[in-house]
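As structure tokens, here come the structures.
Here subunit A shows up in two complexes: once beside subunit B, once beside subunit C.
Let's look at the complex of A and B:
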């Protein structure tokens, strides 16, 4: 049997910071904590939208508008939006750090991911809390059933 | 004991005429493939998420605009794509639990290979439940 020597891991490109908040540690914890919550939120989202009733073929403005007229689903979707985008953005940051070798490329790619995450979190949160499930002047057959009572 | 650990690393190696590098405990085995799949499914889900937030944001524009775009999700081709998407999400979810168990459960490292096969088995069971139901919804409407 030949002896195997295991090389020392790469030495860090800059000295290890000993003071202040350890952001990498909190990122690591966030991926696991948000992951557990996202399993519940996303499996619930998929089951409600794709498995119940007629699934994907029943999804239209009436379906989504009726759902998002309910604060329960508003908060469900906003929690999913924030947790998933930050989880996904942090995951993309990990991949960029692994595969983009030039500091310039890494900076550009990570800035693009950050911009996409921030813009979509703001957009999604505004849409969920400001949209009207019964917009005036729209044909009644396109609207959620709850609009007929108004 | 460190020397014994080093010894087990070479146990998987054997002399061969194959030009491919010999396997190790990690390379080419369950640990590596679960890591590769976790990254690929993660990137795929991330890009779908970007699109999915934009299409859902159309509820703020008008019912017609939303219905036109969501209608493209109901075509047969996209229906098959949704099976792939749900498959990616379910693998990423179950393998994520496996990663958490490797990190926090005392037996996690010892049983990581077994847990990979449990992930695959649970994935198959979940997809057997989802796929027929979803494809009926896609192709019967």
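Let's look at the complex of A and C:
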């Protein structure tokens, strides 16, 4: 006698997932991947700003202006900005899912988080790539001292 | 003969282990026909150190208030009927010894959380079993077994899912999960543990289907790894680890 073949007792009542991108899964993977990259980016950022050279006393308008003139630091900062804001935004989304029970509250809070993330990413990216410490045609008394050297 | 001698050596009942003491229990009562909201009621019970919380509930029900309602079947930690929240932790009343609790303070006993409260310590377990059924917790092996009538498995293959076979479906893990408290749609740790048991079974042929089911919006990705479930499990199953292994399997696309 061989083992009897028995039909599956029932099909799942929850419809098996539609095809397409599984956001929940990619969100979960993103949190881990971006977390690892952010550790490198943030500690690299802190080490360069606070430890190297004159350390914290070197930080002034000129220091930041100088960094943002260098494409390396521009991309470093933009990567940090995008990864951290999406990481934080996604984390807030899961918190809202955990704590807000009414669909209305959920919707409002998640829209607010999304808006904040989008605005900050757009503004931040704009500033990093277009920042000019010495805008031309401005009165000299409004400009930092380093512009006089130009 | 020798026992008599030992008993004679002891003056009275001086051994503290066999002296009964009074323990106060605060039990969260709810009678749907009378109460609007659950209320705490206290009971003083004479207990021995070797007694369990379940013995206290029995004494209360049999000697003080027959209306006290709770589930229990085997009373030895196997049937999984008497999971309840004892001093804020989910445990089985039949496995919680009085001597392991701080009896200088009242012992709080209430129903497990996150499932609809029906009466006193009884909750409606149907949502819990619904998500258990959802993961198809049965062996799916439709191919004829190779060369005979048995589906042979090595010791290592059996060991792979040994931990999750211990589940007794008491719901202590699922009802300790903060994600489950706020989102009843989440499968919950117990359902994932029971899916794990078959996903990693070498004889099973439908791991893919179960992984697809758990790859849902309300599936394994909602797990926040708070470890409440692992701490609550009266069988000592490493629940959080099992969930993490299912996550890894979903990412690989195979067990």
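Keep this in mind: the second predicted complex is superposed on the first by the 112 of 150 C-alpha atoms of A that agree within 3 Å, B and C clash if a C-alpha of one lies under 4 Å from a C-alpha of the other, contacts with A are read in each partner's own complex, and residues count from 1 in each chain.
Basically, contacts are C-beta pairs under 8 Å (C-beta built on N, C-alpha and C of every residue); 3 or more make two chains touch, one makes a residue touch a chain.
No experiment lies behind these values; they were computed from the predicted model shown.
Once the two structures are superposed, subunit B and subunit C can be ranked by residues of subunit A touched, with B on top. When the two complexes are overlaid on their common chain A, residue A:135 makes contact with subunit B while staying clear of subunit C. Of the two partner chains placed around the shared chain by superposition, neither subunit B nor subunit C is touched by A:66. Residue contacts after overlaying the shared chain place A:22 against subunit C, while subunit B stays out of touching range. In the superposition on chain A, A:127 makes contact with subunit B only, not with subunit C. Contact with subunit B, but none with subunit C, is seen for A:50 once the two complexes are overlaid on the shared chain.
By the touch criterion defined above, A:97 reaches subunit C but does not reach subunit B. Across the two superposed structures, the residue set of subunit A contacted by subunit B and also by subunit C is 1-3.
Those residues of subunit B lying in contact with subunit A across their complex are 6-7, 9-11, 13, 39, 42-43, 45-46, 49-50, 53-54, 56-57, 59-60, 62-64, 66-67, 70, 73-74, 79, 82, 86, 89, 93, 96-97, 99-100, 103, 130, 133-134, 137-138, 140-141. Subunit A contributes residues 1-4, 6, 32, 35-36, 38-39, 42-43, 46, 50-51, 54-62, 64-65, 68, 81, 84-85, 88-89, 91-92, 95, 116, 120, 123-124, 126-127, 130-131, 135, 138-139, 142-143 to its touches with subunit B in the complex.
Here subunit A touches subunit C in the complex through residues 1-3, 5, 8-10, 12-14, 16-17, 22-25, 27-29, 94, 97-99, 101, going by the rule given at the top. Taken in their complex, subunit C has these residues touching subunit A: 130, 133-134, 136, 138, 140-142, 144-145, 149, 151, 178-179, 182-183, 209, 212-213, 215-217, 219, 221-222, 224, 247, 250-251.
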